[in-house]
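Each in structure tokens, the structures are laid out below.
Two complexes, one shared chain (subunit A), two partners (subunit B, subunit C).
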Partner chain A sequence: MQISLFTVLILMVLTAVGFLVGRRRAYAVSSGHASRLHSLPSYYGYYIALWTGVPAFILLAIYGMFGNDAVNALAGAQMHRAGEPVHAQFEQALSDDEDIARLEAELATLENRRIYAREAIERDSELVPAAGEYPAQSPAERQQALSSEINRLAAEREARAEVLAGQVEAQTDDALARAGFVYSRLSDERRELMINDARAIAFGEGVASRETPEINALASAMRPFHEVLRSSMALAALALAIGGLAYARSRISSSFRARNRVEGAISVLLLLASVIAIATTIGIVLSLLFESVRFFSAINWRIDEFLLGTQWSPQIAIREGQVGQTGAFGAVPLFAGTALITVIAMLVAVPVGLFAAIYLSEYASTGVRGWAKPVLEILAGIPTVVYGFFALLTVGPLLRDALLLLGYENAVTQSALAAGLVMGVMIIPFVSSLADDVINAVPQSLRDGAYAMGATKSETVRQVIFPAALPGIVGAVLLAVSRAVGETMIVVMAAGQGANLTANPLESVTTITVQIVMLLTGDQEFDSPKTLSAFALGLVLFVLTLILNVIALRVVQRYREKYD
Partner chain B sequence: MTDRAPSSDIRKAIETRLARRHRAERRFQFYGMAAIALAVLFLVVLLSSIIVQALPAFTQHTLTLPVRVEAELADPQDDRSEESLRAGSYSRMLQVALQDQFPSVTGRSELRALFGLYSSVNSAKLLNQVVENPDIIGETIEFSMPISDDADLYLKGLTTDERFVDRNEPLTLSGAEGEVTLTASDPVFSAFIEEVNDTLRARIQTVSDRAATAQARADRAETEDARQAAAAGAERARREADQLEERLQAREALSLSPEMASLLVRLGGGVVQITQLEPGGRVARGEVVIAPERDGVYQDWTEWRIETPAAGRRIGDVQIVFARALDDRGLVENGLNLILFTNADSREPELAGVRGALIGSVLTMIITMLMAVPIGVGTAIYLEEFAPRNRLSEIIEVNINNLAAVPSIVFGLLGLAVFINTFGMPRSAPLVGGFVLALMTLPTVIISSRAALKAVPPSIREAALGVGASRMQAVFGHVLPMAMPGILTGSIIGLAQALGETAPLLMIGMVAFIADPPTMGVAGFTEPATVMPVQIFLWSSGAERAFEAKTAAAILILLALMVLFNAAAIYLRSRFERRW
Partner chain C sequence: MTDPQNTAAPAATVYHDQPSANPIKVETRSVSVRYGDTQALHDVSIRIPDRGVTAFIGPSGCGKSTFLRCINRMNDTIDSARVSGSVLIDGEEVNSRAVDPVVLRARVGMVFQKPNPFPKSIYDNVAYGPRIHGLATKREDLDAIVEASLRKAGLWAEVEGRLGMPGTALSGGQQQRLVIARAIAVNPEVILMDEPCSALDPIATARIEELIDELRENYCLIIVTHSMAQAARVSQMTAFFHLGHLVEYGPTEDMFTNPHDARTQDYITGRFG
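Presenting the complex of A and B:
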């Protein structure tokens, strides 16, 4: 905790004091006649309390958000300054070293040759062989040979530089200077790790992955900055609070419109609250888009491969180190698996849910409705992880045993059928309550008209109510489909993980949501295409459900207007 | 009049049609009832299967041993300092205590089976006892610990079928330790041999069936490759069947293998594990597990058949013998499983509990509540009471409707990308989990709060405005208090949903294995934690069989919590709700 609880407590007390001061002041300026005031006395109290608390807490919030970065930057700058001479020494050593000079020269010639070879490929003609060294090779082969040679030499130069760096480090006594030097030679991720380790040592934030004298030096460089920043922030917050209190108090007079000010502040707060909903949507869209763009650029913008490819094996792309290995990120098996499970779920949920809704709204006595509706509500309230457990340990094995008994030999526990069935059960209450709403919205006059013609109840339902409610029911089914597509836990637990492209419900399939979970749980590095592909899948999922919802809401709304 | 059909014909036609229509009506009604019945059936099956699975997890067998706290083991430096005490060898102490129960057991594999009856983590508990109270060094204390999950399930009779048959035919034991021979004048073991042979015959039947199916497939096969593969399978199965048949026909000694039922003999306070049976059922060879008091002739003995083959259970014959013996000596007690509530997660099923997940859930819910309820109610008040009819309000409204239908896992992706990667908040922390769940619950809270505000009649507002209140005063002083029950009900239902939500929390790393519960306090919000539904998910993929019951038990606890939440909502609704 960088904001000390103590500061927060003092601020809270000050705010309360501000309220009391304001009220007392209001009484004082009205010389005891509260009716002379513009607003009720407590509004003056709220006014002062707002001025006391809000600016100070905003300052603390800003500090809470950026305080760590500021400390890191300050300590980093100090470390950088300390490390500069060492770095200069290292540069000097590099330029003095003969090995390095030799390697650099060799690299430069090879690089030139490679450029020639590439030009030769581009011109598709035999260029004059480079000093007759590789006469029997084609330009492409030559380019490859040159590349590996260049890599080897570069590695050699790296190794030599490493040795020199070690020598320079050994000559430096100041740990912070060493830290600055080490830091300047690290890659971005390693730098972040070093900073995090130093923070862990300095402030006990988590556990440091390693502890070296350099990191300890950085940690002790961080501490004073942290202390100074922290105490100065606490002081500034207190000063702001007291200043705000004094300023607000000075403004109070009997004609001061305190209520309007306070109400204005409250309505700003309310507006801010409602903007959070928009901010959430924007956050979802931006984060999904941003990460998806990174993913697509990692696979060379082969969006068509992603959407239409039939091979899904993100793990392989990782192991080979082949960024954007085309074909490994073909998401069609996931779409097919999602569709298969959704269809099974709908085959269960739509008939059962619809008939349940029709029975409850048209036939059932109050008594039956009294217990049947809560039963459906309970089904709706059971967490999905419980359904997943049920599918995994009860329905899956049951189906497998039944299939084995029927002579189907390849039966598995984790099958599309088990997951789909249980998901269907989960969606029954959703369908039935939506359908119940639309059926109840059909005007009674239509029913009465049908009965007057001598229709039976079922004929009324089938030929009058159902057609009238059809758009609403279609909307309900679409919403249910979007639910099924986005459902995660049941499929994660019961549908399996293999990306099979199959229409056989008895095999195990995988879905978009399962893959998102698989890709983002467990060890991960955030920048690999494997991890980023989860966001692309999330984007697909988001867009898909959004389209379904928009259509469904449109359909339902248009239909509602017809009878309202 | 003459060209009309006779009225009786029309009547008849109508009557048949009517009967048909009534049948259709009844059928239709039946479908409706069947749908309801199906839903009820699902619920009943779901709940009862979980309850049945959960029951074993609520009790646990505890092993209580007299443990002598030897000074040289507990205090290697002999100065009673904490450092010295912590360096003591407490697992050795437990081993000695258990070995004392079975002085005759010396074999390496037998000892391993014996020490497998408890998990070594328990020695830490003994260590703590000694550190807390060094006076017990040199004394003998009663030390209780949960018995291992496999032994626990065995003693509950869940994993193993067994049968004890008291016999009184005389049986001669050749020795009291090591490999022994049991001889009887009557064919006392022939029943068991027959049983084993029966299973063997059944196996032969299955294997020959499999051979026949494979052969049929080979005959039907369309490609040469498939035909060869099927034919090879058929050949393999036939060979296996022949081998089994040979073994059945051979009149030689029957060696008991792990695929068969096990036979043990209890006599004179000891147990002999039978390894080989001579044909005729009069002579058996075996190994002494617990030494009987003497060799020679026993008149009364017990035949102990373990019907579940050793290959089909996780606990071996020897361990079963020890567990049963400890149980018979009254050292093992079956009691209420308090560990389930007092411990956090553990790799050992017998030591795993839900306390960590419960605390994590509470912390997460606190954040969710503090975020979702004020923001949600604020939004509802703004949209319902103050929002001007303009584009912004419209966008907010459409937004909320769409947010309500966004899959929960997408909120997890948002949390991962924004809260963790951009803002650098800690992974696996209740703080981030609470934020994500709050954003997810927000639409529910907003929609129900708006409904509650809408239900307050305009006359209340008008009356307040009429006596000179400002709009703000009318809303906060009059409308909001009246809408409060509805708002609270909606909020509680939203929170109950959040309590059962799993998927978004997987995204932000709350799936980590966490052995220490987070602290109940401000610091706990940023410590790694897990929550109940995620704990259920984690346990459901646990390899040990005992985790299955634990999972079901955790589900029951979670469901109980949700029932509590919903009961509170229903109570609020019925107690305070007004109809206008």
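Presenting the complex of A and C:
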């Protein structure tokens, strides 16, 4: 922890003190007549408290965000300087070494030949064998042979350099200098690992993956920077707090508009919160867009193939030489699977949810409504993963056994039907609570009107309430659809994974969300078309649910306007 | 001066002599209503003549609407409401089990304070009652009922040719007349109106008052109003309610010129309410 709890506590106390000082000051400048002040005394308190706390905490927040990096950079620079002479020594050793010189010369020759071979391949011509030097080879074979030879020699050179580096290291006594040298020869990831290990040793942040004298040296180089930075930041924060307090106190007079200042600070706070929310949304959408663009460029912009193709097998495409194979990224089976499951879910959720809502709002007595509504809403609180294993372990096998009994031989446990049914149950409370809201928004005067005409309850519901609530109910259903389309856990567990293009609910299907999970879980390279396709699917999903939500909200809104 | 709050134990209702021109259509005997634990109406007994307008007046919350809703059993739709006593229409008990409220409400129409046309076309609004009660089997019959009702409600001239338009698109006063047409369409004997003009402007109000005056030829009209002037203009009988009691009942002219009870006098002269 880089900011000590103690500093934070002191700052909080100072902020509280600032509040009290402000209030007292307000009483003092009003000479006991608080009514002469522009604002209530506590506003002066808040004003000083803001000046005391906010700048200091902002400073600490900045330190919290960049403090570690600063310490790493400072210690890294020190290590680098210490390592420079060792590195020079190593460079010298490399250039003096005969083996290295020989290997590099050979490598250069081979590289030239490989270039020649590649050019021959590009020109599609035969190689002209240099005077009896090689047996006749096709350019491709030749390139292959040269490549493996180059790889072998490069490895040899690397090994020799490693030996030399070892010798140089052995001659260096200063561990930090060695650390600098070692660090300079590491790949980026390994550098990061080394820094993390050093931090782990220096500050106990997690467990070091290994401990060497070099890492220890780096750790000891980090500590003083850390200490100095930390205490100077704490002091600066305190100074800022006290300075802020003093400044704010000096501004207080009986005509000072503390209330308006506090109001301003509050509006900034609220603005910040919404900016964070909006910026996150925009960030996510942009990253979806960029990664999707990468995907589409990897499949040569065959967006039509992606949206209309019927073959989905992203695995093929990661094999070397098949990058850009477009046939494998036809997402129609996923769209169809999503649609199939959504339809099944809606067939369950819409009637049941709607009838439940009608019962609760029109028929149930207040007593029944009082407990039935919360119980229904508990359904909405069940984690979807629980629905998922309910679907997988109970509903799926039950359906399969029932179908087998009925003589349907291809019955499987994981089917669109099982997933859709359970998803429908999951969405029931969603539909019923939204529908309940819109039905309750139908003015009582319409019910009275219908009853006064001698309509029965169900006539009133069918002929007056339902038509009046219809736009809102349509909105509720659309929201439920968008929920079903985006639902993941249940389908991952219960729908299977086969990208079948089928309208048969008894087969296993896959959905957009399931595929995204499949594409991104496990060890994946994050720049192959396979993983990138997940972003494109995510984009499709996003656009789909966005459209649904916008329409739904529009419909609901228009309906609200009508009755307000 | 009388303080209405302190006249705690109310004297029995004061009944003026009734000129018995028309037969009695609605009669109630000791009707009381409770909402849960609070009693909103105490022992109201009244005899309302046919073919005329009877006005219920009284300060807000005194139980006028509650009493009105007893007559077509609309209080059945309120969970907490408990009605006791007897309500007779043409001498027939309304609160008996044998009476189906759905059928009763076809005989006793009701118009509310806020115009409440259904979110349907003008035609369907008026045809609503005849349809659910099966009053017309052929389309022509239904058309005829709709037209006749709209004519009686004085709306026909304004909506002729636009019957497909949604009822909610009409103006407030037109909506209220549409609702009256809707009530008339099932050919009721009694029409209850609960402050039918309080959401309307003076011109629309005058229009409705004219209509009420025309309708009294054929129906027993009972109208709740908070406007003394309106009661004086449109009604032949007036009942004054106060704190859940029927204080005084008699011919309108008599009530306004010669109130017997001090509370009635205070209310009529605008001293409270």
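The criterion applied here is as follows: the second predicted complex is superposed on the first by the 330 of 564 C-alpha atoms of A that agree within 3 Å, B and C clash if a C-alpha of one lies under 4 Å from a C-alpha of the other, contacts with A are read in each partner's own complex, and residues count from 1 in each chain.
In this text, contacts are C-beta pairs under 8 Å (C-beta built on N, C-alpha and C of every residue); 3 or more make two chains touch, one makes a residue touch a chain.
Because the structure is a prediction, the values reported are computed rather than measured.
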Partner chain in contact with A:358 - subunit B first, subunit C second, else both or neither: first
Partner chain(s) touched by A:166 [first = subunit B, second = subunit C, both, neither]: neither
Which of subunit B and subunit C A:213 touches, first, second, both or neither: neither
Chain touching more of subunit A, residue-wise (subunit B, subunit C): B
Touching partner for A:370 - first (subunit B), second (subunit C), both, neither: neither
Which superposed partner A:224 touches (first subunit B, second subunit C, both, neither): neither
Touched partner set for A:456, first subunit B, second subunit C, both or neither: both
First, second, both or neither for A:397, with subunit B first and subunit C second: neither
Those residues of subunit A which subunit B touches in one complex and subunit C touches in the other: 456, 459
Touching residues on subunit C, where the partner in the complex is subunit A: 72, 74, 77, 79, 101-106, 109-110, 112, 114, 116-120, 128-129, 132-133, 168, 179, 182-183, 186
Residues on subunit A engaged by subunit B in the complex (per definition of touch): 1, 5, 65, 68, 206, 259, 263, 266-267, 269-278, 280-281, 283-284, 287-288, 290-291, 351-356, 358-360, 362-364, 368, 372, 375-376, 378-379, 381-390, 392-394, 409, 425, 428-429, 432, 456-459, 461-462, 479, 482-483, 485-489, 492-493, 513, 516-517, 520-521, 526, 534-535, 538, 541-542, 545-546, 549-550, 553
Interface residues, subunit B side, partner subunit A - complex: 21-22, 24-25, 27-29, 31-36, 38-40, 42-43, 45-46, 49-50, 53, 213, 374-376, 378-379, 381-383, 386-387, 395-396, 399-403, 405-414, 416-418, 421-424, 426, 439, 442-443, 446, 470, 472, 496-497, 499-503, 506-507, 509, 511, 522-523, 533-534, 536-537, 540-541, 548, 551-552, 555, 558-559, 562, 566
Of all residues in subunit A, those that touch subunit C in their complex: 365-366, 443, 445-456, 459, 463-464, 467-468, 562
